[in-house]
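Down below are the structures I want you to see.
There are two complexes below, and they share subunit A, which is joined by subunit B in the first and by subunit C in the second.
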Partner chain A sequence: MTLFIQTIANGLLLGGLYVALAIGFALAFGVLDVVDFAVGQWVMLGGFIGYFLWKWTGIDPFLLLPAVFVLFGGAGYLLAPLIMRVRTSRYARPELMVLAFTFGIALIMRGGALTAWGFNTRSISTGLGGMTLQGGGIALPGLRVAAFGFALAAVGLFFLLLYRTRFGLAVRAVAQNKQSARLMGIDVERVSALVYALYAGLTGMVGVLMAAIYSVTPEVGVRYTLFAFFVVVLAGMGSIAGVLIAGFVLGVLEALTAVYVSGTLTFLVVFAVLYLSLILFPQGLARRGRS
Partner chain B sequence: MCDVDWPSQGCWCCSVCRSGATPTSSVSQPAFFLWAGLACAWNIVGGYAGYISFGHSAFFGIGAYAAGILMGERFGLPFAGALVVGVAAAGVVAALIGWPTLRLRGAYFAIATWAFAEMVLQLANVLRITGGTAGLTLPPLLDERLFYFLMLGGAVLTYGLCFVLLERSRFGYRLKAIRDNEIAAETLGIDTTRVKLQAFVLSAGNHRSFWRHLCLLDHLYQPNQRARRGHYRPDGRHGLARRLGAPVGPSDRSSKHVPGESPVLEPVGEYHGLHCRAWCRHRAGRLVPARRPGKPLAADTAAPGAARSGPAPATGTAHSRGGAAMSTPLLAVEGLRKTFGGIVAVNGVRFQVAPQEIVGIIGPNGSGKSTLFNLISGVLRPDAGRIIFRGQDITGWKPHQIARLGIGRTFQIPAVFTTMTAWDNLLTAAVEADWAHAPQRAEQLLALLTLDAVRDVRADSLSGGQQKLLELGRVLMRNPTLILLDEVTAGVHPTLRTVMLDVVRELRRSGTTFLVIEHDMELVRTLCDRILVMDFGEVIASGTFAEIAAHPDVIEAYLGRRVS
Partner chain C sequence: MSSFAATKPDIVAVGGHEEVLINFIKAAKSLNFLPKAIIMHYGVTEPDFARNLGPDAEGVFGLAVWTPDVSYRDDLFGSAKDYDTNSYNRWGSHPDYTEAACSASGEVFAAAVAKLGKKPPLSESDRAKLRDLIEQTSITTFYGPIAFETSGDHYHDNTKPTPVLVQIQKGAVVAVGPAEAKKAEMIYPLPAWNARS
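Let's look at the complex of A and B:
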């Protein structure tokens, strides 16, 4: 029984990070109308950049998070106009061409990482590595608790930004109707770029933490892309609130599969659940904001 | 995106010739053909139909593994037999997977296919029969030169097949219609589910055999390798990716058999990704200049003697016009009801339409008029009630079945096929009807609706009014018995309105029945025999214009209680 509770607890802790991962992704989708296939690669790059920064400066990765945020935010801000250009082009089905585009970006990131850094796994160690919180028969690794705390803080700030600031209002307007937003004087391109930057920065930070909790290789990108898709599909594309729940569902599912089925099969199980939920609920499980 | 692009075709041919000049022992050139063929096959579903699939590597792998397992020690099948079975396996899996997956739209479809492909990859890594992560090893089967030419032949064959099959055929038009506007395609009689599935299975089967030759030459199957192959599929464009991919990608590989090593393949993947991106970025949606109008494909048996003037019904129409003396209604709607969440859009609507009547439907915005049309044309399923057309209960029928029965409709927001020219839009309407006479008919309609000047212009470049005209033309191409016009004159110039009305009256004389949603009272008064007034999803009045204009409920609905 304690194993079960422990597993659930682990799952919930990780779920927090998955929520942080997916919420940026969901926002980028809502505002830019882009399903970013490269989301997992941002995580992977975040892990690597975090690793190298930690190696070179020796600063604890938790303290490096703001630097990573700024770095990745900048990169995202620069990349966003390209993505928007494909998205608003005159192809047949530009919303799908941009999918292929981001898929290409993902390939570049992965290939580039492999070329530059090879196969070896890197992982970051933090000061919290050794700590464990004990209580009620279960042990919670301090690192994961801290990461969970970070995720909570990030998501909280995120919602604050979205619902309590002027910028957030503009973002929501752009997400609902770009044309009308322009008529209100909102610079849609700039808002979109900033949202993408925010998403990239947040996802990069998640990557650093993933590198600390697990490790990072150029191959992990696919895994996190899968997780982001899983959460967003379960929540219903466009439903930010549903992401909160779906993230935890994913974490728990992953933990349960790893413990009770097999570690190597977690990937397969998550994929299978994703595929089945798409097939069985083509309208989305929760309220669907947009198809 | 996937129209004939002569420059690309030319480049493709050139590069094939260039590499064909010197078949060497390098594995690079056959790999080029492999990717060429893969891209071609993928294009059927991804480019033409607009269903971007990230899962085709799975079919490649399934076919490859099926053949490989059958050729191994356990079964020992000869190559030809294994080839056939491999193709069949891939096709069968595609049919099974395609059926549920193709119900998804857009991004969901892409994600689902990607998930499927990754699942297959994981399975291949795990199962013993596929050799796990180490893959299968097979003895080399073919001499290299022979192999090279086989691959070349295979690529040319695939390419040729795709070209013939898709570029100017009805199948190609169907696919493009699905890509541009699936619902509109359905209302033109196209069975989108079946067509999509056909395309899916065709592209999956195509992925198989010849391309597995490469694996055979490498005599090593690896799950990762197979997945990479799938990911190398660049995108829908015919020639460009291959053109770029050839010199950069394969030349990274050593000339000997070093196939499965990821460090070699990864940079290639990167370059392909680069090409993917570069292509998407710099190819700004350029479309080939539209074809000269005239012969779409099948022998145009146009006989000058058959030329007609005006929009009279084409010969050979399948729909019989009921005699004017028929007393049974053409269309009967009973107790129709449709809710969206908490909103009741259509609430127990009941009416009948006699043959050759022009019935107008008016009402304030949001009264359920367009929803009613959606219900009748099958785009939406009613929650309750029945729709009977020519004595047949068509409630719950799919849009394409209803369209083939003889009901045509236009949309309130023009649903033209955006990437096709006006000419192609009209032709597409005849894909499930009289294809042989379509060009003639299209010419007539273009002239009639004064769209001559824009026949080769992309539909999304037309003005709103022109798109409305084009939609009307599209409906008329099929000669339906019952036509539902949803605000067809909105945004159209007054002189053209007169033309449209003349067309409607002329068609009515020839036996067509009309249901017309309009806001222009004058138009309604002069055109319609009978008028239904809707408000809040119900028919609140019915009768001639004079009758409904004096009806207190109608006045209240439009002008408010105090006035009435």
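Let's look at the complex of A and C:
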């Protein structure tokens, strides 16, 4: 029984991170109509930049998170107009072209990281890495609990921004209908760029956490892209609330499979679930996404 | 890890390469899971392992087929210790057996080409002869004696080197077994996670 509770706990802790990873991605899709293939690479870059900042300044990575957010937000803000340009192009199938474009960005990021930093594994150590909360036969790694708390706080702030500020109102308006938003006087390009910046900043921070919990090499990006896709598709593309549920579903599913089935079958089970859920409800879990 | 940690094993053997091995140690520490010994597949001798984990790598066992302390030498690289020093001066880290083996492969190839007596580019039949010459290699290098099996389970493997049990002690890879090859006593059981400096 203890093992079951431990597994659920592990899954929930992991799920929190997946939620943080996917929520920016979901918003970017909802607002910019862009499926960003590079999401996992933002995580990977976040891990590397976090590692180098930590090595360079000696400051605990958790305290570096705001710096990473600002750095990545800036990078995202600069990149967004390029992506928007491809997405709003009047040539054939811009929605597919932007997919190819972001795939290209992903390749550049991965190749660039490999060239700049080599294939060696980097791993961040934090003070929290040594702490374990133990009780009732369950061990909760301190670092994962902190990362979970951080992820929830970030998502909470995100929701506050979306539903309690004028900027959030503008974002939701753009997500609903770009034309009408523009007619209402909203600067769609600026809002889109800021949303992309938010997404890049958030995803970069998740990268730092991943590098602290696990480790980072230029190859880890693909895995996180897969996870982000899984969460967002299960939630229903465009549904932000669904991401909350789907993220935890992924975490718990992964944990349960690793313990009770086999570690090697996690991807199989996870994607089988996704496949089934797409057949049964194509709009995603929250029944509000676009299929 | 939660599932096998619950069975309270004394010894855990981990297969995989560097990234998996580093993640394993980090996960074990975060769950406060401490078996008496952790034996890992190849990768423990990689400088990144000890560098990334710091004191958490202490006491982890690994396997190596060459360490800088072996007594072999050759004319090109000198002794194993010379190779270690030169490699460190050139690359900033101590070589493990994979690096040494790569250098030794170059020597094998050079010896075979010298025996062939021809300069590249080689014709198709020359390349076939070269392959046969490589198969017949029997040389001694700083890496140890090299000769390839011509049949059986280890076909075309170099079965001459003696595997050595190594352990990370104070960030360095130290040979701890077998008795003829050991340079220090092994640390057993593993020290507690928060009792390390």
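Convention: the second predicted complex is superposed on the first by the 262 of 291 C-alpha atoms of A that agree within 3 Å, B and C clash if a C-alpha of one lies under 4 Å from a C-alpha of the other, contacts with A are read in each partner's own complex, and residues count from 1 in each chain.
We take it that a residue touches a chain if its C-beta (ideal position, glycine included) is under 8 Å from a C-beta of that chain, and two chains touch if they have at least 3 such contacts.
Note that this is a predicted model, so its numbers are computed, not measured.
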Using the superposition on chain A described above, determine whether A:Thr217 touches subunit B (first), subunit C (second), both, or neither.
second
Looking at A:Ala116 after the superposition, I want to know if it touches subunit B, subunit C, both of them or none. Which is it: first, second, both, neither? neither
Between subunit B and subunit C, more residues of subunit A are touched by B
Next on the checklist: Which partner chains sit in contact with A:Phe267 here, subunit B, subunit C, both or neither? Use first/second/both/neither.
Outcome noted: first
Answer with first, second, both or neither: which of subunit B and subunit C does A:Gln6 touch in the superposed model? second
With both complexes overlaid on chain A, does A:Leu183 touch subunit B (first), subunit C (second), both or neither?
neither
Name the contact category of A:Leu226: first (subunit B only), second (subunit C only), both, or neither.
-> first
So the subunit A residues that subunit B and subunit C both touch are none
As the complex stands, subunit C meets subunit A at residues 2-3, 6, 18-19, 22-23, 26-27, 29-33, 48, 52-54, 193-194
As the complex stands, subunit B meets subunit A at residues 1-2, 50, 52, 54, 100-101, 103-108, 110-112, 114-116, 118-119, 122-123, 126, 176, 179-180, 231, 235, 262-263, 266-277, 280-281, 284-285, 418-419, 460
Listed in rising order, subunit A residues that touch subunit B in their complex are 35, 82, 85-86, 89-93, 95-101, 103-108, 110-112, 114-115, 118-119, 222, 226, 229, 233, 237, 264-265, 267-268, 271-272, 274-275, 278-279, 282, 291
Note: in the complex, subunit A contacts subunit C through residues 2-3, 6-7, 10, 120-123, 125, 129-130, 132, 134, 139, 141-144, 213-215, 217, 258-260
